[in-house]
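Across the two complexes that follow, chain A remains constant while its partner is chain B and subsequently chain C.
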Partner chain A sequence: MALDIDKRETDSSWMVKAKGDVDLYTSPALRGVILKLLAKGDKALGVDLSEVLYMDSSGVATLVEGLKVANNAKTGFFLTAPSESVMKVLQLARLDAVFEIRNSV
Partner chain B sequence: MKRPDLHLEFRSDPKLLSCVRALTRRYLEDLGVDAERAGNVVLAVDEACTNAIRHSYGGRRDRKLAITIRPNADFIEFELCDNGVPARADQVMRKELNPCDPSNLKPGGLGIPFIYKAFDEVAFVPGKARGNRVRMRLRRQE
Partner chain C sequence: MANVNDYVIEVRDLVVKYGERTVLDGINFRVPRGQTFVILGGSGCGKSTLLRNIVGLMRPHSGRIFINGQDFTAMNDRGRIAVRKKMGVCFQGSALFNSMTVGDNVALPLREHTKLEESTIEIMTKIKLELVGLGGFEDFMPAELSGGMKKRAGLARAMAMDPEIICYDEPSAGLDPIVAAGLDALIRKMQHTFNLTSIVVTHEMSSVELIADTVCMLKDGRIVEMGDMGRLRASSHPFVQQFLDRRPDEEGEGGSEYLRSLTGGD
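Up next is the complex of A and B:
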């Protein structure tokens, strides 16, 4: 299944919305968008995961890398409204407490 | 040996993983495996394929992978075979995931723990010169 990725800018952050499956095939595209926006270094970055139907370890690794880059740059990085399947994989990875998770988009 | 329920050969192309997941999910649904366990198994089978593509085949998309599913009275057995570089024992050993220290985040290293978490029995059998065989067994529930 393909992954649709949209980005928009708010006053305080960049928002990236992923829609579909995040796996070995699609995670490089999500990684590219996240790292490109973080490289601007001007605003926090939020990833809206409300419509991600499936995420594997490569998707989790993409989020971890984004968080690391943001931490090093001292900009914010947060996840928004992760779907049930995303929450399950973050819990399985024991990483759910590592990310700032916001409930609403 | 009894003929397997399913034997699927496919190219080591990541774009085919969604098809493998759909097939695995549907197979488990039809056997009445509950959604929670089925979700974990789908993830684990996907991770085994991902490992083979990334590590055994170094990302090459034109190699062969094969999944075989054999159910019996006690287990549903999934076997994934590749013909790539054999894994080292330390790469496929059981690892427990602990809550992560935010100051020591590392992307990656989750696939193998996900496989062990989903299945009741896991055996990685690297070939002597080429190939890997991963046998993953899910115990059937009443």
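Up next is the complex of A and C:
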């Protein structure tokens, strides 16, 4: 049920790494971090999903919201290395084509 | 074979009474994670009552129900509410609130039970409606939907909280066969995609063939046969054979059902 969120800065982007489960109870924290970094408006934002084991639709909705805010601000927004189960959830919501998905961090 | 912890639902020696009358008597079964368990039987045999006990809307006279290995029947109200958040229920009819839009119906459990932001809830609602083939219908009122669409909206609402378990009471009742088949396909898709453990109450044989991993046949509050469809077909129980052949009931159960529908009582 726990979710750890790390952030780090690279030359070109902010990277947010989520570790654990993104669910109804933990996704508000992820949302907070994503929206705060996007509000800086200086760099693209990547969300590293490689260590997310479970993501429910609140997690998907959080990513959609992040993408929307980034698009409005004309900032880049991408996902990296989603696990198979996360990919399945994105596909089902027909969002796998909506996001820029990178294979490695 | 699934290990013990992977039985999401286990019902042990369940007895349910309404007043003095026993309607379920000695029910035992368990459902592995990700499987669809179908409860089949004639009208009045106790199918809805069994479902109400599984989802914790009723407390049994005796026996136990375990959800994820925890004794649901022994929990206090707080524990039961926590467990129930993991379960979605599609009631007979669609049980949508007619005074609310379809979107508000779907969003309701999220608004009541989570601290998610409204913006997140709105996106989730759209995703759920998309999932059941009702993308773009969030601002419609239930009265503007067809019977099949209402059932789909009810399913979207049952899925609102991303449940582990979903229970359907007669999902295709009252629908024409094509719409009913579409709903069966949707039930199957939900199960596969989310590894949902599903309980489906029905008396439609055509549905059973399509969706069931295990079928449990109830008669007069007892299980008369249980297993996959092959086992049911091979059953020597006359009631099972009669049901599979869809022969009219010699005892005239259909007649009493008709009477009930005319008089509105039991």
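The criterion applied here is as follows: the second predicted complex is superposed on the first by the 105 of 105 C-alpha atoms of A that agree within 3 Å, B and C clash if a C-alpha of one lies under 4 Å from a C-alpha of the other, contacts with A are read in each partner's own complex, and residues count from 1 in each chain.
Quick note on the criterion: contacts are C-beta pairs under 8 Å (C-beta built on N, C-alpha and C of every residue); 3 or more make two chains touch, one makes a residue touch a chain.
Because the structure is a prediction, the values reported are computed rather than measured.
Following the overlay on chain A, a clash is recorded for the pair chain B and chain C. Looking at the superposition, the partner that touches the larger set of chain A residues, chain B or chain C, turns out to be B.
Once chain A of one complex is fitted onto chain A of the other, the partner contacts of A:D56 extend to both chain B and chain C.
In the superposition on chain A, A:V98 contacts chain B only, with no contact to chain C.
When the two structures are aligned on the shared chain, A:L67 is found in touch with chain B, with no touch to chain C. Legend: residue contacts after superposition of the two complexes on their common chain; A:A39 is shown touching neither chain B nor chain C.
In the superposition on chain A, A:D21 makes contact with chain B only, not with chain C.
Under the contact criterion defined above, the residues of chain A that touch both chain B in one complex and chain C in the other are 23-25, 56-58, 60-62, 64-65, 88, 92-94.
Of all residues in chain A, those touching chain B in their complex are 1, 21, 23-25, 54, 56-58, 60-62, 64-65, 67-68, 71, 85, 88-89, 92-95, 97-98. Those residues of chain B lying in contact with chain A across their complex are 14-15, 17-18, 21, 39-40, 43, 46-47, 50, 53-54, 97-100, 102, 105-108, 110-111, 114, 117. Those residues of chain C that touch chain A in the complex are listed here as 110, 114-117, 119-121, 123-124, 127-128, 130-131, 161-162, 193. Listing the residues of chain A that touch chain C in their complex gives 23-25, 27-28, 31, 56-58, 60-62, 64-65, 88, 92-94.
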